[in-house]
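In the two assemblies presented below, chain A is common to both, partnered first by chain B and then by chain C.
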Partner chain A sequence: MTQLPTSTEKKLGLVIDLDTCVGCHACVVSCKGWNTENYGAPLSDQDAYGSAPVGTFLNRVHSYEIQPDQGPAQLIHFPKSCLHCEDAPCVTVCPTGASYKRVEDGIVLVNESDCIGCGLCAWACPYGARELDQAEGVMKKCTLCVDRIYNENLPEEDRQPACVRTCPAGARHFGDFSDPDSNVSKLTAERGGMDLMPDQGTKPVNKYLPPRPKDTWEDIDILAPLLEPVAENAGGLLGWLDKTLEKL
Partner chain B sequence: MHPAPSIIFFTVASGLGFGMMFWLGIGAPTVIGFNAFLFYLVAYALAVGGLISSTFHLGNPQRALKAFTQWKTSWLSREGWLSVVTLSVIGLYAIAEIFFYTRLIPLGFLGAVLALASVFATSMIYGQLKTVPRWNQWTTPVVFLAMSLGGGALLAGQILPAIVLIVMAAIAVILAWITGDKAFDRAGHTLSSATGLGTDGAVRAFEPPHTGTNYLMKEMVHVIGRKHATKLRVIGMILFALLPVVLLLLSANHVTGAIAAVSHIAGALTIRWLFFAEAEHVVGLYYGKR
Partner chain C sequence: MPKDQPIVDTSPKVSDEVRKTTCYMCACRCGINVHMKDGKVAYIEGNKDHPVNQGVLCAKGSAGIMQVNAPSRLKAPLKRVGPRGSGEFEKITWEEALTIATDWLAPLRKTNPEKLAFFTGRDQSQSFTSFWAQGFGTPNYAAHGGFCSVNMAAAGIYTMGGAFWEFGQPDWDRTKMFMLFGVAEDHDSNPIKIGLGKLKARGAKVYGVNPIRSGYNAIADEWIGITPGTDGLFILSLVHELMKAGKIDLDYLARLTNAPVMVNGDEKSPEFGLFLRDKNGKPQVIDRKTGKLAAFDKKGVQPDLGGTIRKAGITYRTVFQLMADKYLDPQYAPEAVADKVGIPARRIQHIASELARVAFDEAIEIDQPWTDFRGETHDKMIGRPVAFHAMRGISAHANGFQTCRALHVLQIILGSVEVPGGFRFKPPYPKPPEAHPKPHCGAKPDCALDGPHLGFVHGPDDLLLKEDGSPARIDKAFTWENPMSAHGLMHMVISNAHAGDPYKIDTLFMYMANMSWNSSMNTGGVHQMLTDTDENGDYVIPRIIYSDAYSSEMVAYADLILPDTTYLERHDCISLLDRPICEADGVADAIRWPVIEPDRDVRGFQSTLCDLGARLGLPGFVNDDGSQKYADYADYITNHQRRPGVGPLAGWRMNEDGPTGGGRGDVNPDQIDKYIENGGFWIEHVPDEAQFYKPWNQAYQDWAVSKGLFDSPQPYIFSLYVEPMRKFQLAAEGHGDRQPPDHLRERIGKTMDPLPIWYSNEDDNKADEFPITALTQRPMAMYHSWGTQNAWLRQIHGQNPLFVPTKIWEENGFAEGDWARVTSPHGEITVPVAHMAALNENTVWTWNAIGKRKGAWALDENAPEATKGFLLNHLIHELLPPKGDGLRWSNSDPITGQAAWFDLKVRIAKADPPSESLPALPPIKSPVGQGPKNLTWKVGK
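Right, the complex of A and B next:
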């Protein structure tokens, strides 16, 4: 059903810490791996070993540079996957009912056996979270690893999305935003978690933690004078070398 | 946005077909018997041909019938319903005219209204998308409806309405270009607003997520062809409106009418190509592009 639920029992989603992400792309690889081997159509590649490889990914890591007015530039790694929006525009445009938002946990999913591959949901998403698989002709998107998080065959520590489980930096957190005491709600409150493109009115569930302020160059200068060269004029062998080379 | 030929052909052809059905439905021209058959043949070939063409870009066209289920929220689904109902109503009206030499006038008017509603639904598939500011404005349905009515009048041989409506459609298209050129900036989307990183300084896309391209960039970050947009706008306008209107004003007969129609359709295809090629999706921002 493409009518969005007025409210969901849980609001499962991710917090992505832009301060912590080191841009290793491990989440991209683990996502591709899990979602190729498990639920739904595999995430195909085309011309994988050729000159123009392309493929379906549910999670991609961009890198941006922030150049402040003063001080050094900062590099921000920016993982982007489905934000499981409360007002998901991708769901309402779907003509077949393949796209839906679950009432029980708010996860936005695609029923692949109903998807005609028209691509309109990908057009409606401002975040580029949906990609049409070129081999299967169906729309693929982040499932929040719905086949892991409730999977009792897995050890309890593995019952979270593959990207969260694999992140070596702890930059991704999974939890229920409807619970104000959950880890994700606390992190969002403490660190000023933000929405992407709030002006699009999508009310994303996933939040991004902005990078923390960095040390400035002036701070480094406290120690810098102590590190300056002690002897300006070299003696001994180096002094002889210096003089000889000057003469050449 | 990627200007897929199947979608350009679909929107232009079905627009013209439904436009013709509007005029035939209101009895302009009033046709009967074999003459009526020829008119409806053209109208149905355009409308049905366009609709079939629209299924060519689907990943799984064998499931296309499922697209009728979500009319409550989806403009694409509503378009499917309205098209089928229009084709059925006008079909009955046409059968009465062709085989029974009878004009079921109320049915014709109902069909005419439905034909316009179908075109409106098509336009709203694009007009509803907040992610494409150039489309997400009132001009989109106005342009689609005006182009359909003008082109339909031309193909239905309604000279005076055709001249007036094609000129009006041309004005609507030019207005859409003027407001559309500023739409993206007016919506206020930038790389810093998209990433939320703009508070501490200028944001620049440093490195893309992958070395090659991807589905999103192919589909939504189409930059080829925008280069010649100005030239194509002029060419499109000459073919769409100027040449047909001048021809019809000089002398309206079957030869000038046919040339005018061919020119008008070529112009409409050019304008519709630009509608897609010039449209910028906000997702391009994440890739440092527009």
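Right, the complex of A and C next:
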């Protein structure tokens, strides 16, 4: 069993805006590219050109349809990666100490050299955010790009997770939730940022901004004056035109 | 830090070097940073300085590394040794390949250049490939626009001198209401997502008009799940409501459009419906100050929208009056159209009122004086902050041209084009149709063609007909069947060549177009046409040369393969002469350059054409002494001049003092190096006073001339009424010397209305028997057939079920895992189904081009793309169902020839699950073998 820190100096994490995510998978592949080349073992792909291709991804986009009581069905694109929980069950369940939560920023990592690939952490994670790499036999998960966000070999503006840097719609935001004035704290406050499955008691750091209400048009006459006819036919319109132009 | 917490290297070296070039994972052309380690590609990310993507990058772009290492890459030139379609080839040398090609092509050029049909698919070098084809002398050249979005492009140019995507963009920073009609999500990919992100960040409203609520429509605040093919009727109903309520920008219409131009109203006149013009040919308006006729562009004129005048016994009325006559008609009232478009009348009214409210009550003013083309100075720029975007969804119908025109008319009556908050052109657009070339077909043995192949016609005299009236081009572009086919009809080439209609050809030469698979209608029929033999046992289409970088389905059907490089191994230019990457506030172009060298015996196709062009002695490709003029494409990019001072790239051209910032100038031998130093692109910003009102703004016009975009100022007014269309109608009514065949008169009269109309295509597609519309969409993470060979992307989209709406799902008693037989007037497929509720209730759809032929793309024959994937193409014929008149009616827009992919009507029934999707075609032999089993891809140590 592995201990969680009693507190962390920062709470780094993501805000994911479900009102803006178009489900394009840019974050998924950018993550795959960075983390194949960087932290730990490459993210491998089995049967890559075959009948059942399956590879390791640290971030995936799921799509769900919802049917509101009123109005048409909606499609929600839901990107999901490790939420870097404050009470991370994947850490406490780890038999070797390979899974740990960093004291300085709260990032949950796997120390691959200590990982025995037992899979207990993936079983403990209620979000399905960990994947056992089939080639290396170690557990892989989102590192919040710990090798980018402090990386002095990158320009300062690029020191953010690959998924955030690449998101074309700007639906992903990175920052420190322990700072109430950070971009992520403010967005969470303004837009009603939510925990994923709060009943699990994991206290996830990442937050999701809910979709804004959709299809809210109502069959009422509030806008009717805007379409008050000036004419019913072409002749009438020309009469109106004359009067209007005289006034100009 | 606790002492037992591992030490993580948080500053690892990212790469040895970053090489900046242009993406080609789709047509969007974003800037990319290619991180190199040990000379290999380690990581690809977006270039923050680049005007197109501003640092972001889509899934395809980030997966480029898997495209560059794809096992499907062709490795060497190939000569077919088995029968066509078998995939049996032998490797040959480049010298052998180019000798074969020269031996085939040289005699054609000497005797009859039209025997070569050269079509280049998703080519991004059309100004170069068309130059080559022009030098060869064949009239038979085009790229893929005819089966993509020519309706959008041509309608935009004829109406307002530019269209969406490469021609212009919404004013993302200022618009307050955005309406998006059906799009292929790579047109254009990242800029639309960036723009939607900006709208969402400030809470501006997004309206999605699309039968399918996926992707961009999933985040639309208001979703309008329209009946496919009725967008034009919906838009004209909005026009009806706005005109009826007087919610139109009268000042804009009077000054900047042809709404006040006088039109001949005498039905007996041979000029009925044409403009009243002065002796200089200028359209006439009535000046409200004098009540007299004046040229539309006369200094100080105040054009009258409502004037009437009688001259030489003929009554002339304004275009505006004709619009009032047409669009105030009750047939366009919301109540009258609601059932057809599938949108309640109240909702149409609601949308019209929102457009009116935002355009007029929330108008923007920018304190920026500007001077118009009549010399009048305005102290402000007034913005109507409603913006629109559309692409293939409204375009790929047989009523698509008029629908796209209707959308532009809606934008224009709201005064929302080229104003703050509305739609903005990107240089070198706006550019009126008259400033484009006309199409040319003058082919003679041993000669170059007499001008550019493609262009814009302005009446029957510009059609490409032979002396006997038959089509001059193999695709029948610019004929009475589709007079305004500005991009050609690539989808008709194989069918017409096989039928010998209008004539037989010898060699079909194609580049980057998967015409034996997802890029053709009637895929099975195309296989037969490509392999069919005559009474002597010779192929009916005698020779096929194909260039591709990958082992696509088309490879197997060619006789000679000229292997291309991947996009990171080549030179390219994204040229202002071609399909540029400009922004509304900047003129820009870009390059690709070999950030890695090929590890195979392949060559960039354009470099191959430089060599082949020299072997054939084509004008423009040889020096005076007959030697090869351009060693390769990079040499051409640097040294070719299309006009004095204007070449493929505008950046860093030379003047007396050395390299300029950009624009006109002499050849700079170091130009490509300058681009590489600058991150692969060049951009120069439009001056502040020239940012808006570009078609009419003197400052913009002068700036455009200084940059070499035009040779002289080209101000013009928008064409709500497209007079050239009326000229085709007049011919159909019997006027003039050049007359259409009788069987087309009625259709020309009906469809070529100079004001936008809507007509149904349902009868032509037998909607009474086949009541469901079947559509395709391209996923954001996959670019047509290219993506499937990509080990990462195929894990995202490895299968494509047919998505079925709730009503049809329940009617058929479908359950997850079921299969359905889908039948159209042309064919039948049996495919997996999946339920989708957020879908128009009479529409089914699937992802485009996920289905693959066994043996192609270096995939296992049991790949899900081949066993469960499928194409709707089997259900779509290039011809309409027979009408009983014995004629071949093309399944295309009768105005432009655009392939009417989205008019497909089907019926659906539950089927016993077959072992794999039907039709199941036999495998083709892979010329590249199969990919490796597993990947653990890491370049660095």
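Everything below uses one rule, namely that the second predicted complex is superposed on the first by the 213 of 248 C-alpha atoms of A that agree within 3 Å, B and C clash if a C-alpha of one lies under 4 Å from a C-alpha of the other, contacts with A are read in each partner's own complex, and residues count from 1 in each chain.
Please note the rule applied: contacts are C-beta pairs under 8 Å (C-beta built on N, C-alpha and C of every residue); 3 or more make two chains touch, one makes a residue touch a chain.
Note that the coordinates shown come from a computational prediction; the quantities given were computed from them, not determined experimentally.
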Which superposed partner A:G192 touches (first chain B, second chain C, both, neither): neither
Touched partner set for A:G201, first chain B, second chain C, both or neither: first
Partner chain in contact with A:E65 - chain B first, chain C second, else both or neither: both
Touched partner set for A:P180, first chain B, second chain C, both or neither: neither
Residues of chain A touched, compared between chain B and chain C (which is higher): C
Touched partner set for A:V54, first chain B, second chain C, both or neither: both
Partner chain(s) touched by A:R212 [first = chain B, second = chain C, both, neither]: second
Partner chain(s) touched by A:Y150 [first = chain B, second = chain C, both, neither]: second
Touched partner set for A:A234, first chain B, second chain C, both or neither: second
Residues of chain A contacting chain B in one complex and chain C in the other: 28, 52-55, 57, 65, 67, 73-76, 97, 114, 136, 211
Chain A to chain C touching residues, read off their complex: 5, 17, 19-26, 28-30, 32-34, 36-39, 41-42, 44-55, 57, 65, 67, 72-77, 97, 100, 102-104, 109, 111, 114, 135-136, 146-147, 149-154, 157-158, 162, 165-171, 211-212, 214-217, 219, 223-224, 226-234, 237-238, 240-242, 244-245, 248
Complex contact set, residues of chain B against chain A: 1, 57-61, 63-64, 66-70, 72-77, 80, 125, 128-132, 187-189, 191, 193-197, 199-210, 212-216, 218-220, 281-283, 286-287
Chain A residues touching chain B - in the complex, by the definition given at the top: 1-3, 18, 28, 52-57, 60-69, 73-76, 78, 80, 89, 91-98, 114-120, 122-128, 131-134, 136-139, 194-197, 199-201, 208, 210-211, 213
Chain C residues within the chain A interface of the complex: 1-2, 4-6, 8-14, 37, 42-46, 48, 53, 55-63, 65, 71, 185, 189-190, 193-194, 196-198, 200-201, 203, 213-216, 218-223, 225, 241, 243-247, 250-251, 288, 304-306, 320-321, 324-325, 328, 344, 346-347, 349-350, 352-354, 356-357, 780-781, 789, 791-796, 798, 836-839, 858-860, 862-864, 867, 930-940
